[in-house]
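Each chain gets a letter, A, B, C, D and E, in the order it is written, and its residues are counted from 1.
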């Protein structure tokens, strides 16, 4: 129960950014160009060439020059130039996997917080209803809180978007639905990359669900294999009961959570690989030691090195 | 007769089942209201004919009634205070037989007005402002209103004034007649029952 | 509690006007009173020791507490000897479900304003008697009337409360120390106020333009829109007549009201006198 | 700025300076007896009555010698909070009457009243079964007519409000009696009045559910040794049990008299 | 953001974690997060400090000392005589809307009032530690008024403890000018910064330890989610000598009689330990500050 006090550390000045191998790179502006990732600030010139197409986060001035309108990383796909903001709220794209929290139950729909500018909408017709494939009934309409209630966490896919820019979600698959048996984290959405799958089972026996909106769910794998047709299972998917979680499992979950936090603090992208690397690097420490700033730095550096290798 | 106050320990939880006005905490049952302790053995007829041993239920009947709040399944009486094409807003004044101290808000959606031909319901042909309506609570509804239904014979308008300002009497389940001008107006009427007879 | 009482309650809630009408047809009121009968009135003087004068008034269930606190201030430049008497009525959300928390409702403002007007127009207290030192220091009497239970006819209760609390006020002997600019007062409270008259009110409601209801309850007030208040003093003289709401009232009604108000005056005066006597005995 | 909704007095007014007789107040005499004849551990006698406010769903009035508090409970009634809640909502507001204290209080709500309201809310919430009252609000309004010690006023207000809630027929886990104590010169003065309170070095207010043996609120100020605190907590819980029986009587007597 | 919502399964996970003495971030029940401390960062103030929990709450406190008049309460002479010889402390706590969505608009009013009253009550009484009599300049007329303003810049749970820690650090950092009373009762303030002194009694300024009752057990330094799972909070204010300077239950929920004693004991021992560590750090900070004063500082919030 010792309380540790620390002094703040000054930020590394640009001239002194150390590479993993210990060399000092002089990151002058001209040299920065060499890097694949180019960080720009609003108003900075990205390209003078008129052949490029203007994408999100950029604008054209009267000389047809492309300028950044946000602080972020320049990305180029063929001729389309975009700037991905470093820190932003999540913008929904169709097909994205997101984790959300129910904020309101209203007429035939739920409002879901997905770290976006507006709450997303989950229609009653877009969820998996208990029982064998069936239509929603009036009874369902009157007891929507039996499925999801205010505060519940769920994983869903973005189905489409409305005129006002808010997204609509669906959970019409057994992969999606209510989240249980674990712990919830928030990371900057830009750190989560779009990958083939966002459900990962790590070697340490922990499930990680990475929402593209920066919400992350770390949990113990469910012991139950779900079957679409089974009546029992479809009741089960809306249950609020956790399975018993042993101390070891709990510790593993906590460790993974802390590793993800360490990565997000070091502003490193969060994928199953980085999490595994960070996890292995963290094994030198006890779980609660990973909260400390110095261990976070060490873990992040080791992970960086392994990524380069 | 045993009078108790909230928090009075009544008995062991193993002896009785906690009924209304009581609660169970650890191995005891406590009273949660001011009132009289009562116990009874519930009569349950199981359809299989098996003799099921029922535990005794202990209750505390309230000496002073809490201002009633609507719950699903309650029959309520209220006044129509606002109407749109899709729903009628009702100020719930009485729950069961107990008047509320403060009114609650409920809505009757057009699909809940009557049991048949739901698609053809027009709110304006069923209710008017100021009508006294009897209805059933079907859901706790949204943040603001309870959801009500009048889709049964005994539910609907029980008291209404005509355009001329006089009382109206029901002449069929969807018509009411003014006692003064004999004009007929459209309403979803409740099957008449002598609600106020004792006072008249 | 039988089912029948519930049904009566239900009827009252849904059709309050009809409900009252049915009683009045039989010349009786829902609480069992006759039409021209006042509810039982009690006055309790000096019940709050943090005040210079206080009074608790109950008319039936209606309860108000009036407390008067004396402070010192500088008189106005135009009238250097005049003190202040500041009456305020507080209708807190505690006394009735009708009131919401926050600044005084319109209803409370009307009550305060009417009482203030009564104090001024009937010149009950000569404000010059509140002078401590001309031009420098005068007494300020804050008369705060707190309604505890709002069951109709609160105005009568407020006026009775204020008048009796004023007659209960005892001020300390105060001197103005010129060099320090401070007022120093003795610990004992001795000096009563010199009230020129003690007016008491009577309030009536008219229902359906024909029934004259004396001392209406909250339920009666909510359906009867015409209200008449008559305030008279010990000589039977009328200080104020107020008629609010509704359309009109007949001269006959008004005459009747005045004669009842005079009788009522004698009744209240007796109640107050009794209370003062028993207070003095202690 | 002048408030047009109230009758205004002069802009500034002050209480006169009172010339006191010079004899010093003796809190304790040689027999450890207090000014009002109480022993250190005695609380003042309590008068508690329910049903004073006919307009409210439940009400109570408490009097501890000079302290006088009225409480009215309204509800459960429809909540005005826009979000749906499966649990009832409790709202407490306490108000000092302008004439209740030695110094006149302003008629609007000040920060002390806001804090006391919060404390009473916290003391009562654990005892009320709000889970049974979806979408509803219970409003508890308390008016202090006369204040003879702020800590004891807070305790009395909690006691009074708890009885008023029970009187409203609202389901509760237990009644919540509350009691206060002052630390003066290393001694514990139970249920101190205003004069004692002004000389205290610290105070304790404790509210307690006697049947469940759970403490619903505790508030201590002043620099106190841990064991003295423990002792004061014990004394307060003892006094709470005494107050508890008075509360039960106040609720049951009217019923028994009726029958 | 739905910052005040939590799902039943998260609740269950937290409660069982507390039961197992293994919280969601791997800490035990009585483990504190790291605190990052800085003092003397507001040059306009007489003293200032900023404390942050490693990933969350951020509190900035400024202390300003000004000359004010002594207020006289005319109702009780004996009490008034004591008050005439004392300075005053005025506290204010404000939760900035940038800290959390729930503080936006009027959302912070209640919590601001509650925290302000609590801090004010603790620091203004004899338990506050500060020697108020030393703050008196002319008895009955003028005194130093110590304004303590705490600003919550980020919210990650456990605000109260951090506020008290920061206040203690800021008071350590505070220097009061020397005064000379001239013959005509004019107060002259010395300009010589070297002569300025700490407020006597800062060592005894208490800190708070908040214990959160989750399930049947209690934890310290709760995170936001843990606070949502908390049934009742007990804040215990402790000073260097291990004396209890205030106890307050916060939030709904009740505490069993036996548990209360246990929580008070825990609070006291953790609190004393915390003060010890804090003081060590403050002394080191003095040295660093002296060093830093030689260089120009830029980037108020730059440090990570």
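One rule holds for everything that comes next: a contact is a pair of C-beta atoms (placed from the backbone, for glycine too) under 8 Å apart; a residue touches a chain by one contact, two chains touch by 3 or more.
In UniProt terms, the chains line up like this: B = S1 motif domain-containing protein; C = Ribosomal RNA-processing protein 43; E = Ribosomal RNA-processing protein 42.
Predicted, not measured: the structure shown is a model, and the values here were computed from it.
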| item | value |
| --- | --- |
| Chain E and chain C - chains in contact with each | D |
| Most centrally placed chain, judged by C-alpha centres | D |
| Pair joined by more contacting C-beta pairs (D-E or B-C) | D-E |
| Geometric centre distance via CA averages, chain D-chain C, whole Å | 28 |
| Separation of chain B from chain D, taking each centre as the mean of its C-alpha atoms, in whole Å | 38 |
| Centroid spacing, where centroids are CA-atom means, of chain A and chain D in whole angstrom | 50 |
| Overlap residues in chain B, where contacts from two or more other chains coincide | 100-102, 142-143 |
| Multi-partner residues of chain E (each touching 2 or more other chains) | none |
| Shared-contact residues (touching 2 or more other chains) in chain A | 104-105, 150 |
| Chains that touch, pairwise | A-B, A-D, A-E, B-C, B-D, C-D, D-E |
| Residue ranges of chain E in contact with chain A within the complex | 1-2, 5-10, 12-13, 16-17, 20, 22-28, 30-38, 52, 54-55, 220, 225, 269-270, 273-274, 277-278, 280-281, 284-285, 288, 299, 302-304 |
| List of chain D residues in touch with chain C within their complex | 3, 5-10, 12-21, 52-56, 66, 68, 70-72, 74, 77, 93, 95, 97-102, 104, 107-109, 139, 141-143, 145-147 |
| Of all residues in chain D, those that touch chain B in their complex | 57-58, 74-78, 81-84, 127, 129, 133-136, 166-175, 209-212, 247-248, 251-252, 255-256, 259 |
| In the complex, chain A residues that touch chain D | 104-105, 145, 149-150 |
| Complex contact set, residues of chain A against chain B | 104-107, 138, 142-143 |
